[in-house]
Every structure is written in C-alpha cells, then in structure tokens.
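Heads up, the next two complexes both have chain A, just with different partners, chain B and then chain C.
Presenting the complex of A and B:
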C-alpha cells in the first residue's frame, strides 16, 4: 500500500486489524525471515554455492554442512540460499511484468472500449486457454532453455488476469459521479485516467500480485525441474530437485527434501498472506488464483 | 437457449482461432528459425534453404498460417522429426494414458474437496474450518513434482505399499487388449483382474499428486459457496417445513453448491494438464505430458505445436461444454438472472 503521510482513520483501523490478525502477522514475519535470509544469506555463509569439494561428496547434514552436500560436494545450504534467491527473484519479476502489462492493457481496454477492448479481450482469452506451463514451454522452444524464456512465458500468461480485473474496475469507476464531474471541470482523459482512476486500482493490483506470486514461483520451479528453466550450474530450487532426484531414492534424502521444503514454506506463506490481505482490504472481491 | 449456445460457440471458435494464431506466431516467427532447428547447427545454407522451401517457410505469413490452419482442421498436424511418425498418431497412442490419469486426478480432487468442504462447514466448530483452510493453503503451496518424489520415497521405497516410478503396469505384465486405452477399464472388460489391480495400484500415487492443486482450489470454492447457500431464504423455508438440519444440508445446500463446481471444470482440466506434465515425468507415465517434454528438449517442432494447439482446443471445448451444461442444469443462468 502507498504510505499515507498524515494517518487517516482508515489507515489506523487497518493497522489495528493487521495487529489483531495473528496468522497474518506470523506469515508476514516468516516471509520476512525468508526474504532476509535469501538476500543476505549467500554473502554471509562462508561456503560458495559452486565450490566443488570431492572429499565431501553426498555427506549428510552435519555441523559443518547444516543441509549436507550434493554429489559434487557442493554445500547445500549455500545452494539452497542462492537457489531461493533465483526462484523468488524470478517470481517477483514475473509478477511485476504481469502487473505492468496487465495494468496498461486493462486501463486501455476499460477506458477506450470499442474495438481496442474487443481485440484485447479476444487476445487475452486466447492466451488463457493455454496451461501456463505449456505456454512457457512454447516460449522456451522459440527462444532457448533458461530463466529468461520461462519468465517471458509466465509473464505473458499472467497479465490477462490483471487485465480482466482492471478493465472491469475502470469501467465501474468511470461511471461514478466524481469522474463525470472531473470531466465537466475540463480535465483531460489522460489526467482522469491516471490521477483519478488509477489510484483506486492500486490495492486491486497489489492483491492480484500477491495472489499470483506463489503460482509463478511454483511454475518457475516446475520448468527448472523439467530441465527447461535454470541451466547448470545455476542454483535454482526446481533444478536442484531434479539434480538430487537420482540420489533421493537411494538414501540421500536431503538433496531433494530441503529445496522442496523451502519452496513449500515460501509459497504457502505468500498464499496465506494474499488470502488474509484480501479479506482485510477488499472483503467483497473474489480474486481468481491462476493455475 | 439455442441462441445462447450459438453465441458461446462463436466465441469459442474465435478463441481457438486466436490461440492457434498465437501459438503459430510464437513458434514460427520468434527468433529461432524452425529450418535451422531441424537441420541442426552443422547444416549448410543450401540445406537450410531447401528445408525452408519444403516447410513452406518462404511463403508470406498469412498464407503459411492459412496452410497450417487448413491442414490442422483436416486432422493433419504434421510429422515428428525425431521419430518419423505423424503427430496425430503419436498423440493418439499417448492420449489415453494422460486422460486416464487426469480424470482419476480430477475425480479424486472433486470427491475430497466436496467431502472435506461439507464436513468443515457442517461441523460448526472452528477447528474443522481452520484445518481445511490450512490443508488447502499447504496444498496450494506444495510443488507437485516434489510431493510426488516424497510420496515415492515414503510409500513406495520405504514402506513398499505402492509400486515405484515404473509407468502404468509392473514390468512383465502385458497391457490388456485395447478398447478404450484406459488400462483399468480394458482389464476389467477382458476379465483380467490381476492386471486391473496392478493398473489401479500404479494409478493411485500419480492421481493423488495431480489432485493436490485442484483440491486446494476446489475446497476453498466449495466451502465459500456452501456458506453462501446456507444463508439463502430457501434454506430457511426448508428448515421451517420441519426438515432436520442434516437433511436440509445434504439435500438442499450441498447439491446447489455443487453447481458452482461445474463452472470451473475447464480450469480444472487446465490444472490437470499442467500437473500431468510434471507428474508423468516423475512416475515414468507414458502420456502426452512426457511426449511434450521430450519433444521440446529434442526441438521436435510439429509435436510441440500439435500438442499446444490440442490442449488449447481441449480447454475451449471443455469450457464451452461446461457453460452449456451449467445453463441446462440451472435455469437461472438461462434466463439471465444472477
């Protein structure tokens, strides 16, 4: 949310609600811990994520290597920290790209209507009939395997959700009296759209971003798992699970367990936060969580 | 009703057209040159030029798209460059495995979501409700491929309850004669009960893994829908006629709330497709998902294009059917009453 300089009564009541919701506070703190660990961790932890130590191949979790090592003797904690940075960072890029693209197209479709609206709606309907992973695969095929291609594919798949929501909201708000009166004063279309309508959409956009972040991170990891996302030796949680798969079933459980658990915890926390935030900020709206 | 169906049909056709245009543009027009992909990095310019000509890549874009569209509509999806088989045949041999898996997965999800959702709402205790929401949040947050691996490690490698990742049947067991392509049904039809149980045992873990995502989504939807239905006047009327709480719940509230699940069927199919790509890889399941993954890694163009187009067509068809069924079952939709 945008910071409010002099605290309005609404902001005060919101703050109280946030304080009273223990689950939300717990989830937010959990995510904050993960975020700090992921951003600062790789610098603090004394092992390098790609330092090969053949003497310590596949060693189980110990004091020296809290999460164990992989088949090349690389420290798993260092790799999980860096891998989470890659996964969550790329997820953030997908969410931001989707939000920007979706806001622009949504504003255009909602404000202009007519042919622009029909064409954009048709285009987004067409995009949405591909499963997200299929679309990402097609982009990987057209470009080359790697995180950039996957991020592009997932961003293309995520923007229609924003567009739909924003288009509807713009149409709803544009019909209200304060917009008509602003128009009567002589404000330009652009000014009305960006100064008067857009601020009302910020919370909608933020909520939608929170709702799709988890799905984006999971899809990214899935693409990494299929060998189409991050390429070795880049540490990425999904790709790490693939690398550990062959050892996992023969007893080296830590190679797959830890990257997966980090994914599980991070995505579950964001899902809970998105849920609670929606109930707080927008009790009437139901947001669709993309696959 | 007929007018509405026609309108929806036109919309569906336009969407499929858009989807095929989009995938065609993506795969043919973006940086990578299909002829170069097929010819390989070592092919000389002459070979590439010939390839471009045979593939029709030297024609103008609208003509290329038209040719592609008309041959697709005739059922010709082109040839796989790595196996030499036609894409249609390849998909046909793989499709039953995916459909069997996907349907079992979605069915499991619907049953679990309905049962747990109904129990959580019926027992007014907060605990049951919190448990359901926690389970659904966890299910939403868990990577399906990871869950599949953990399930294999615990239930198959350590406890030996289920078979490992060996596909649809144990090695040494011959597939039943083909009627539907679903091993479970085919085995039952030909009376091979041993094969049937083996096929079911192989189906359980993959189906549960596929069900996790849809379950998370459906249980939330069903729960909130059920709570809304219980506030409707007709529930009060039924109660005031002297029906017990349980009877009203089971015979009035639950069926009416189930209606809302029909509308999201198309989304479920998409979810199952996405899930199946991952789960098939983990379990060695010989379906369309693993076909697609292999095709992409081998840069087998026509296979990828064919599968992507088919999945879009499937999604549009299912959502069209869901709309029609929904309005047939619920007269309010037909009349345009919200």
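Presenting the complex of A and C:
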C-alpha cells in the first residue's frame, strides 16, 4: 500500500516523511555504514594495505584474510577499505569543487547577465561538448596520471552542470516580487544575491551534488580502469578491478568481486538518496512513501 | 485534489534488471564460447589474437618489436635466419649472423676484406602487384631505410651510424646487388635478415609520398608498399584486425595458410576467453599468469622460446643518487629475483646479470652469473655509498602488463634496506619519450634487444650516443668500443666484449630482473609454429 504524506514544505514535515521512508532510511544507513567503515576501517584492521606477502599470493577468502589476498599477497580487505576511502573521498572532492565553482559562476551569470552571462554560458557549453572521461584524460595527459589530475578533470567537467541549473534558478527567482521589493527598498545587489536568492538554491545544489557524486565515483573508477587514475601501490576501487580482471577467468574471483561490490553498493545508495531527495525537496511537495 | 505520483525512481527494479541482463549475457556468451567446435574453427581462417598496438606498418621507421614483427610478413629480404627444431612442429630462429641462409638472394660473396657483399638475386621475380622485384628495388629499399634516419637505419647498421656502416648500394644488373660497408662487419647479415632489411616496391612508395629524411611516410603507417613477402595485406582496420592473404608472386616457399586473420586486442580477459573457446589458433602477448593458467587446460598448449627481452631497471648514470655506483650495486642485491620469476613471471623467465643476454652472440656465461638476493650485502653497500634516507623515482608505463606488480614488489623490497621508492607512472607516449631522451632517474621496462652482444654493448656504452639513454660513460670503454667496431671476426671480438662486460659489471648501471621467455598459447591442432624475433606467420599452420 502506498501512503501519501501531508502536503508541506516545512522541515518538521519533511523530517517525518524521511523517517517514514524505509528505502531512504535504508540507503542513508547503508551509506553511513560505508562512510564509517572507510574512515575508521583502515585504522582498525591490522593489515597494511601495501604489505607484500608473496607466500600468501592469491589466497581465497579465509578467517585470516576475510576478502582474500591479491596477486602480491596483499590483504584485500585492507585494500578495499583504503580503496573505497580513496574513491569516495575523491568523489566528494569532485562534488564539492564542482558545487563551489558552479554556484559562483551560476550566481554571477544569472545575476549579472549580459556579457558575463554570455561568456560563462559559452565556456560551460564548450566544456560540456567533451565527455567527462575525455576531459579527465586530457587533464591527466597534461599533468600526470594520478588521483589529483583526475579529480581536477572531473571537477572541471562537473561545474557546468551546477552553473547551468543555478543560472536558470537565479533568473527565475530574481523575477519574483519579493526580490523586486528588496531591490526597491535599496538593498545592494550582493545582499540580494546572497541573502535573498542563494538560500533558495540550496536544495538545487544539494540535489545536483548527489547526482554528480555517483557519476564522479564511476568516472574515477573508469580512469583507474584505464590506468590513468590511482597509481601503484595506491588502492582505488577502479584500479583494483583493472588489476584483478585478468585473474577473474582463472578462478580468483574475489579480486574483482569485492571492489566491484563496494562500488556498486556505494553508487546505488547515492543514486537512491538523490532520487528520493529530489522528490522530498520538490517544491510541489508531492512525496510518496512506501508502507 | 488529484495527486500525481512522481516517478518513483525504481532503482531496485532497474538494478535487478541490469544484473539479470548481465548474467544472461555472460551465460549466453559462455554457452556460445563453449559451442565453438572444431568444425567451426576449421571453417574460419587461421586466426591470431595479438595483444599489440600497431601504429605503423613501415619497418624503416617504426621502433617497437610488435610493429616490426607484423610488418615483416609483407616484405621479403635478401637473407633469412636459420632455424632449429625446439620441439615437435616448433622451430626457433638461430640468432647467429654466421648462420644466415639465402632467401631472395641465392648466394653472396664477401670481398674487400669483408667490406663488400655481392648478392646474387633470384631472376624474374615480381611484387604482388606485378612490379619487378629486382636489384633496383633492393637498392632503393636499403637506401630508403638509411636515408630516413629512424629506428630502421640504426638497427640495420647495428648502431654504427657515425660514420654510417653502409657506404653505398649498387645494382649493376637486375640480379646483382653490391653492398659496400665502411668497415668489415659480418653482423650486417643478421640485420638484413630482420624487418629492417625489407624490400619495398619503389613505385608504390614514390606514388605515395616518397622518401623524406627523418620524416615518417604517413601512407605507410597503414598501407604496405605492395608485397615482396609471403602475404599481402588484404584488409586492415588499425587497432582492430587485419586479413593477410597468400602472395601468389612470392619468390619463396608459399605461406602454409592461404588466409590469416590477425585480431589486435589488449583485453586480457578477451584473449583468455577466445583462447579457451578455440576462437583463436594462436594467442600472443598474454601475461604470464594467464599463460600459466591456460597451460593446464586441454584447450591449449604453450610454446616457449628464449628471446632477447630482459626486464630491467635502467638507472640514469648521471642522475642524482643513481650516479653513485655503490648505491646502484646495493639495489641489485636487494631484488628478490627468484620470487619475481616464480610469482610474477610464473616461471617464464630466467636469471642472469650482465649486458649481454644469454644465447646472444658474445655471451660468456662465466662472466654473467645471476646476482643473488642478499639484503645484508645490500645494506652494507648502501652504507658504503654514503647516501642517507635515499628516495628513488621509478618511472613505469603502467599499461605494460606486470610492470605495476614488479614496481610494487621492488618498492616493498627496497623499503626494507631503507630506500624509498616513488612509483612514477607515465602515459605510454611520455614514457617512451622520456626514456629515449634519458630524462628519468630510474625506469622499469621490458627491453627489446638485438641478440648481438657487440651491438648491445655499443648501444649501451658509447659515451654521448643518442642510443645511450642511461648516459653511461665508463672510463676506458671508448677505446675498447673502437677496437670492437674495427674487429670483424667474432672470435677476436670475444676478449674485447669480455673486457667491456667487466667494466659494465663493475658499475652496475642496470638491474636485470629476469629475462622474459617468449610465450604463445596455441590450439592443440596447430601443427606448425616458428618463433623468430620477427614473427613469420607464413610458417604457422593448423
């Protein structure tokens, strides 16, 4: 049975709705577990992720090595924990960098209009002509393979999405009566922008961040898969999948399965949260929860 | 009030559907693979799956071994290497210049104290397109390779380019070629037997860009100048596949298979699955772990041969830290050689330590025993070197299979003697450029050598030479190299080579991790297979 929550944009109502949405609660809980595991796990787990032990090469999962070992005998649990930390942490940086850059440029383009708007729109359209992976590869080629270069490339590609969305929202809100009134009583443009318009953009930015996060983590993994992301011996989920793929067909399934599973779960949970948050923050206030 | 149900974002449904489709596709793929029967295999052309990136088909220009190997199938040469059987149905080329055999040339005479070679050619032969294959074509081809001044020129002249080893080529009549050298050098026959000695159709080249010194002919990057070899290139999709068809005008023994399809893919799982399912008759370029796994399966057998491909850490002789001989020597004793051969190369390799590879002309086993893994000695040498808390940049090309593994292993091993290693991964093009220009501190790579000791020593030890990308300059070596350059007789060369090897060993400029064996995974029904530095597909068949 499907129940419809009370129509309200009020925070109290939203909190109640969130509590009643088991899918959302499960997704948030799952992501919290992963976040805690990747932050605390590497400190607690007694194996060094880079410790080579050729005597234990390609050991299947066991009590000593719950996720098995890789081709250099390194403990896979330790590497998965650290790899997830690298992948999810880098994804977070891409999201934040894109959000900051995209918000500033979106605000400027939407509020100032004219030449500034034209130039920024042209710039972002140009950037969006390139697939994110291609842009990241170009940055990597210009700098050097590694997480920092990939993060820069993905951040450059992600900010236009924020910018375009926020620019449109700024233009829409600026045309509303309350903004015109504020302007009429003599408020400065900066005050109007940051005090009266920006708060209305927060939900948009948060939604965009959630959407970008999953894509960023997958792009990062793809770059690792191409050998242009994390470099040895850094643990990163995409690179681990790449390294493990040649062993998948020879019976050492755990080298690909566990990093792949963590990647799949983290991205799926983020996508669910973004999906539900979009509905939750929908200004029309229509939100459905499952019993 | 009517409420709209916003799209629920049926993530679980979509995920489940996706997973189901993937599983279904995998199962279907597995079923179709296992269904590749012997009759299906027989109905397709002889198929070679090759983990190679081919970017040029011009042996006069290109450097990589794979590209030379592939291109060499379309061109004949004056002479060829002799072969010996190494197992039933499998032969290997003998890397000895004194044992080359006639090929397009039926015989040759050496005169002028070893400085003039007069080749007599087969009469009345033609390229695949009907153009005359004669002495004029041979003269044009050799002159073109030298004039281009690229890798082909260096290899053809065995590194002797200043002054050029080849002084002139003459074609007094259609069946006679006179090759004059600036000095006696029997090794020239070995290089003439390689891809660098290819014979091109002059008309085709002149009609498509001609010859420009130090400039690649763009047309030849993806076309062949007709064919004087056993196959013609019937179809070529760069980076994907090529179809080779038997050359009806070939002057030699016809290719065993009328058609060969070569698929280029660097995906190890794809190569493995297709080898297992019988979709490829020969699979080249698989990493050792995959070869080892396939060797235990009924689908496949593994052919191995000794090859001149050492896996090394080259150290910049003039770089910071690596200019310290004791430091370099210390590192050579801190390498778990046997572990690397056993656990990374899966036994497809062997140990030695020196500049001349085992089996090469000039190799002296007594001089080049393998170094042992002795961390205590390494620590002692490190203390004697006077360096403290050293940090070494190790440049790698991470797209080369196994390199990241070995780099990580070295990082771990050298950490134990107090040396910190930064693994510096470079994209393939950057790696090649930086390595060739000698702009690195240390670099881990698979070397591709010419199996002639004198050539390798000249390449590696000549001070200020462009090919000496380690910048090695050891006092006393230049007079020995001059002596070696002017000594034609292999027996007389040996003491000079030994003296140079001593100099090299005293300075430990390179860490020889192991010599990688050539491996090919072949189907059990492949009856003929031949290994040579340039793969000759004409000698492979089922």
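Brief remarks follow.
One rule holds for everything that comes next: the second predicted complex is superposed on the first by the 273 of 291 C-alpha atoms of A that agree within 3 Å, B and C clash if a C-alpha of one lies under 4 Å from a C-alpha of the other, contacts with A are read in each partner's own complex, and residues count from 1 in each chain.
In this section, a residue touches a chain if its C-beta (ideal position, glycine included) is under 8 Å from a C-beta of that chain, and two chains touch if they have at least 3 such contacts.
As the structure is a prediction and not an experimental result, all values here were calculated from the model.
For the composite obtained by overlaying on chain A, chain B and chain C cannot both be accommodated without a clash. Of the two partner chains, both chain B and chain C are touched by A:228.
Contact with chain C, but none with chain B, is seen for A:279 once the two complexes are overlaid on the shared chain. Of the two partner chains, chain B is the only one touched by A:257; chain C is not. When the two structures are aligned on the shared chain, A:146 is found in touch with chain C, with no touch to chain B. Contact with chain C, but none with chain B, is seen for A:71 once the two complexes are overlaid on the shared chain.
Of the two partner chains placed by the overlay, only chain C lies in contact with A:247; chain B stays clear of it. Touch criterion met: A:268 reaches chain B and chain C at once. Residue contacts after overlaying the shared chain place A:172 against neither chain B nor chain C. When the two complexes are overlaid on their common chain A, residue A:50 makes contact with chain C while staying clear of chain B.
Among chain B and chain C, the chain that touches a larger number of residues in chain A is B. Comparing 365-373, 437-445 or 491-499 from chain C against chain B in the aligned model shows that the clashing stretch is 437-445. Within chain A, the residues touching chain B in one complex and chain C in the other are 140-141, 144, 227-228, 245, 248-249, 268, 271-272, 275, 286. Against chain C, the residues of chain A that register as touching in their complex are 2, 4, 50-52, 54, 57, 71-72, 140-141, 144-146, 227-228, 231-233, 243, 245-250, 268, 271-272, 275-276, 278-279, 282, 286-288. Taken together, the chain B residues at the contact with chain A in this complex read 11, 14-19, 21-23, 26-27, 30-32, 137-138, 140-146, 149-150, 152-153, 157, 164, 213, 217, 224, 267, 270-271, 273-274, 277-278, 281, 292-293, 296-297, 299, 301, 304, 307-308, 311-312, 315-316, 319. Interface residues of chain C, counted against chain A in their complex, comprise 3-6, 8-9, 11, 15, 268-269, 272-273, 276, 287, 289-290, 293, 336, 339, 343, 396, 398-399, 401, 404-405, 407-409, 411-412, 423-427, 430. Those residues of chain A that touch chain B in the shared complex are 122-123, 125-127, 129-135, 137-144, 214, 218, 221-222, 225-228, 238, 241, 245, 248-249, 253, 256-257, 259-260, 263-272, 275, 286, 289, 291.
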